[in-house]
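Multiple structures follow.
Across the two complexes that follow, subunit A remains constant while its partner is subunit B and subsequently subunit C.
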Partner chain A sequence: MIMSIFKIQYKIYSMYKIHFFSDFAGHILFPVLINVLFWKGMADSNVLDYSFVDLMVYIIMANLVMSLSQVAIEQKLSNDIRSYKLAQQLLIPVSYHKKVAIETISSGLVRFLFVYLPLVILILILYGKMNLLFFILGIISILFSFILNFLISAILGEFSFWLTEVWGIAAIKNLVFVVFSGAMFPLDILPVNILIAFKFLPFSYMSYVPTKILFGNYPFEGIFHSYIIASAWCLILFCIERNIWKFGLRKYESCGA
Partner chain B sequence: MEEKIVFQSVSKSFKIKQKNGCSILKAVDNLSFSISSGEILGLIGLNGSGKTTTIKMACGVMKPDSGTILIENKNPFKRSMEYRKKVSLIMGQKSRLNPDLSILDSIMMYSSFYSIPPKTARNRTMEFSAMVDLSENDLNKQVRKLSLGQRMKGELTLAFIHNPEIVFLDEPTLGLDFLTQRKIRDFIKDYCRETGASMILTSHYINDIETLSDRILLIDKGRKLFYGTTDQLKNLVPDNSTISFDCETDINSHLEGFNYSVNENSYILKINSNNVESTIQSILKNCRNIGNLSVNKIGLEEVIETVFKGE
Partner chain C sequence: MNILVQSILYSFKKSKKYKINTISWFLADIALYSSVFLLYLLLGLSLKSFGTYTKVQILFYISTYTLVNNIYAVLFSEGVSSYSSNIMNGYFPYDLLTPQRLLFGIFMKNINFPPLLSTPFLLGINIYLMNTYSPDFISIILYYSTVLIGAIAIMLIFVIVYSFQLFKFRTEALSEVVLQLLELAEKPDTVFPKNVKNFFTFIIPAFLMSALPSRIILKNISVVELLWIYLSPAIYFIIFLIIFKIGIRKFESEAE
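Moving on to the complex of A and B:
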């Protein structure tokens, strides 16, 4: 079944060649171009700990990580809940969550293998930061990022049990993620107190932390610390998601969406 | 015969929020019926009559406020894996086919959910697609490039791929041309006859219901208006047949007591089907130079309209 879904996701992704280019242009090229212009000005005139090149490489990698782990299933869940489709899905012999999760992971894996992984490796090699241990630890961190993204996206989508539309909330989520995840700028340029506070929130584990780990710029004990906090957030979000699903489904079963 | 689906005094209400508080809408009111193995029940009602709510409750995705629903003597709301493998819910206009892929791709993915080996799935797909007149080329085309009729045929092939024993069909022919409707009706009928599957069918096309259903459940505002066979339903209307004929002689005096209309020499009599023979004999006796004699039973649509009006 898993292979079957993976194959399907590959087919969907490769159905339109434009996907490869839109992923590259929309998620990497344009954000990087905007950042190049902005940070060139900052680095030339400022006393940041980053050189302009460091900043650019960080931003490229952070955007790659963010795009790789980004999950946007709110609209799919919302459509399924608001329409009759959830009823159909509840009657097939595979749990709805399992199916959505496998679909999302498969589609993420297809993107990872065919677009992001070669780019990540290329950047690490060109930047002279390719280290197998940090690469593996970084991939583990990206996995946490993926799970966090999935759970938050699922929670927002499940609000559709009560709300008519969730795209507004999803838009706010995307904005918050871009700013607080470290995809737009390295979080360690912020004052130390804010950085510490950020480490207790889930957002930095979506881009900043994995990027720093991939570059080998994150202390070992910090890496394991990050795994613990990210795991705790995964657990908390998982419990929230399960409860929202439970109450939402109860409402769906009693009076529809 | 074994009863597969049982509804016993099922009721369901919804709270409707309004500007000045809440009101209660009774979607289904004390509904009881049963469906035997191999039987098709046609569910008829106007928009908002409670058909979809009934289907949702029957398949186990919406709980009733009161009453009992049993599918093969089990509670469908548990949605056990065993139950899910036996059941299929099909809705016209709500496709499970991925628009970016081919019908065959979607079928192969769904087959894996039912642990159907790929070869078996492919063979069944070919068998079903031949029944609904779907070519191999259509099976391999991207779904978004197919016509609505072809998509619906693909949807049916997908929905029946696991050989379901209990099928819920909500408007399966909605928006389709009459030839496609007929193909789909034939497919459903053949499938039911060959496998003994039980079905609940809703459709706004009375032709679907009349052709396919063994029994009919007529509901309005969630309440049962009629439950029985098509013939029993037609017998609810006393004058359920018409006799038309042209007659040169004035026979008005012989038609006293009949429900009839006359236009020049053309007569139309509305009578009960049981009296057709005796009435024709009487007409033949009294009418000289009779022409264009025809007998018609009134359509189910007219009967239903009469039942709704006389509710």
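Moving on to the complex of A and C:
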């Protein structure tokens, strides 16, 4: 089943070339371009701890990591819940969440293998920061980022048991993530106490921490701590998601011929 | 006027019916606007200035952006979305048959009440920040009229983009890109090179949502920029009309 879904996702991704364009332009090209120009101007009028080149490379990589781990299943869940589809899915002998997870992972994997991974490796090689150990540790961190995104997206989608529309909340979620994940700027330009506070929130594990690890700019004990905190957030969000699903299903009704 | 009152009342009744929906919109809106303010407050702890804007000026700049965004969400967001989806799903002939001007009719039917709940909060912040510059009455009138014009200009940009659907183009990719580009409005314009700044003022009017209205109160707006604010809706509307008139000849739909 996993391979079949992966093949379908690959076909979808390669068939709608315009989606490839919008995905790349909307999530990578323009955000990076805007951020590069913005921070170039900011660096001219402010003293930053980063050189301009370091800042640019960070922003490009952080946006790549963010796009790679971004999950947007809330609309699918919402459509399924609000239509007859969820009832149909619940009747088939495959776990609904497992199916959604495999679909999401395989579509993410297609984007990862064909677009993002080559770009990540290229940047690391050009920037002279390619280190196999940190690369593997970085990929593990990206995996946590993916899980966090998946769980938050699922929670928002499952709000459809009570709400008629979730697209507004989903759009806001994306903006809030971009702001606080470190995709817009490296979080360590902020005062130390604020950076410490950010370490206890899930946002920095979506872009800032994986990016720093990939560049080998994160101490080993910091990496270990980041895995623990990200795992704790995954567990908390998983419990929340399970409870929302359980309460939502109690309320859910569907009929159809 | 009657139709405007009726549509607001309808939207209000709808929001009362789906209370949890309205509350979630309100909370999400507040979270969004607070996070943008918080971002610049945090950056202000580490940075001296934002282009030519001081730390206080940038907060006023952001409050202008959030206000324009909010007005757009109340008056136009649902309408723009309905205009786009109706062309695609075959309901557009019904819009064409209504005895009102097309866009007016669509927007009146689709006023979005929930974002209106966060308007007092945003307006309060905006007035508080504006008072630090002690603006005169004329500037205040000019400022709020340009805030409304900013929202109208963004609406026109989106209806121009979606009008290409009349030619059987799928516009998702283009609208996604335009959306990304408009998010630039949140960033201070003077940070960007002059060409980029001009592009996002006169072609894609992102800075019409933030920089130009703000500079009326900050008293550093040029005559050309002020003229552009008032001319831009007319120009974008003419572009829309041209595209629409050609597109509607090519548009085909079957509806019962």
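Quick note on the criterion: the second predicted complex is superposed on the first by the 252 of 257 C-alpha atoms of A that agree within 3 Å, B and C clash if a C-alpha of one lies under 4 Å from a C-alpha of the other, contacts with A are read in each partner's own complex, and residues count from 1 in each chain.
Quick note on the criterion: a residue touches a chain if its C-beta (ideal position, glycine included) is under 8 Å from a C-beta of that chain, and two chains touch if they have at least 3 such contacts.
Not measured: the values here are computed from a predicted model.
Room for both subunit B and subunit C is found when the two structures are superposed via subunit A, with no clash between them. In the superposition on chain A, no contact is made by A:200 with either subunit B or subunit C.
Looking at the shared chain after the overlay, A:31 reaches subunit C, while subunit B stays out of its contact range. When the two complexes are overlaid, the chain among subunit B and subunit C that reaches more residues of subunit A is C. In the superposition on chain A, contact is made by A:172 with subunit C only, not with subunit B. In the superposition on chain A, A:159 makes contact with subunit C only, not with subunit B.
Shared-chain residue A:87: touches subunit B; no touch with subunit C. By the touch criterion stated above, A:190 is placed in contact with subunit C alone, subunit B being left untouched.
For the combined model, the angle formed at the CA centre of subunit A by lines to the CA centres of subunit B and subunit C equals 80 degrees after rounding to the nearest 10.
Touch criterion met: A:8 reaches subunit B, while subunit C stays clear of it. When both complexes are overlaid on chain A, the residue A:220 reaches neither subunit B nor subunit C. Of all Cα pairs linking subunit B with subunit C in the superposition, the shortest spans 8 Å.
Across the complex, subunit A is touched by residues 18, 20-21, 24-25, 28-29, 31-32, 35-36, 39, 42-43, 45-51, 170, 172-173, 176-177, 179-181, 183-184, 187, 190-193, 196 of subunit C. Within the complex formed with subunit A, the residues of subunit B that make contact are 14-15, 56, 59-63, 77, 79, 81, 84-85, 87-89, 91, 94, 96, 98, 100-101, 105-106, 108-110, 112-114, 142, 170. Taken together, the subunit A residues at the contact with subunit B in this complex read 1, 4-5, 8, 11-12, 15-16, 83-88, 90-94, 99, 252-256.
Interface residues of subunit A, counted against subunit C in their complex, comprise 18-19, 21-22, 25-26, 30-31, 34, 37-38, 41-42, 45-47, 159, 162-165, 168-169, 172, 175-176, 179-180, 184-185, 189-191, 194.
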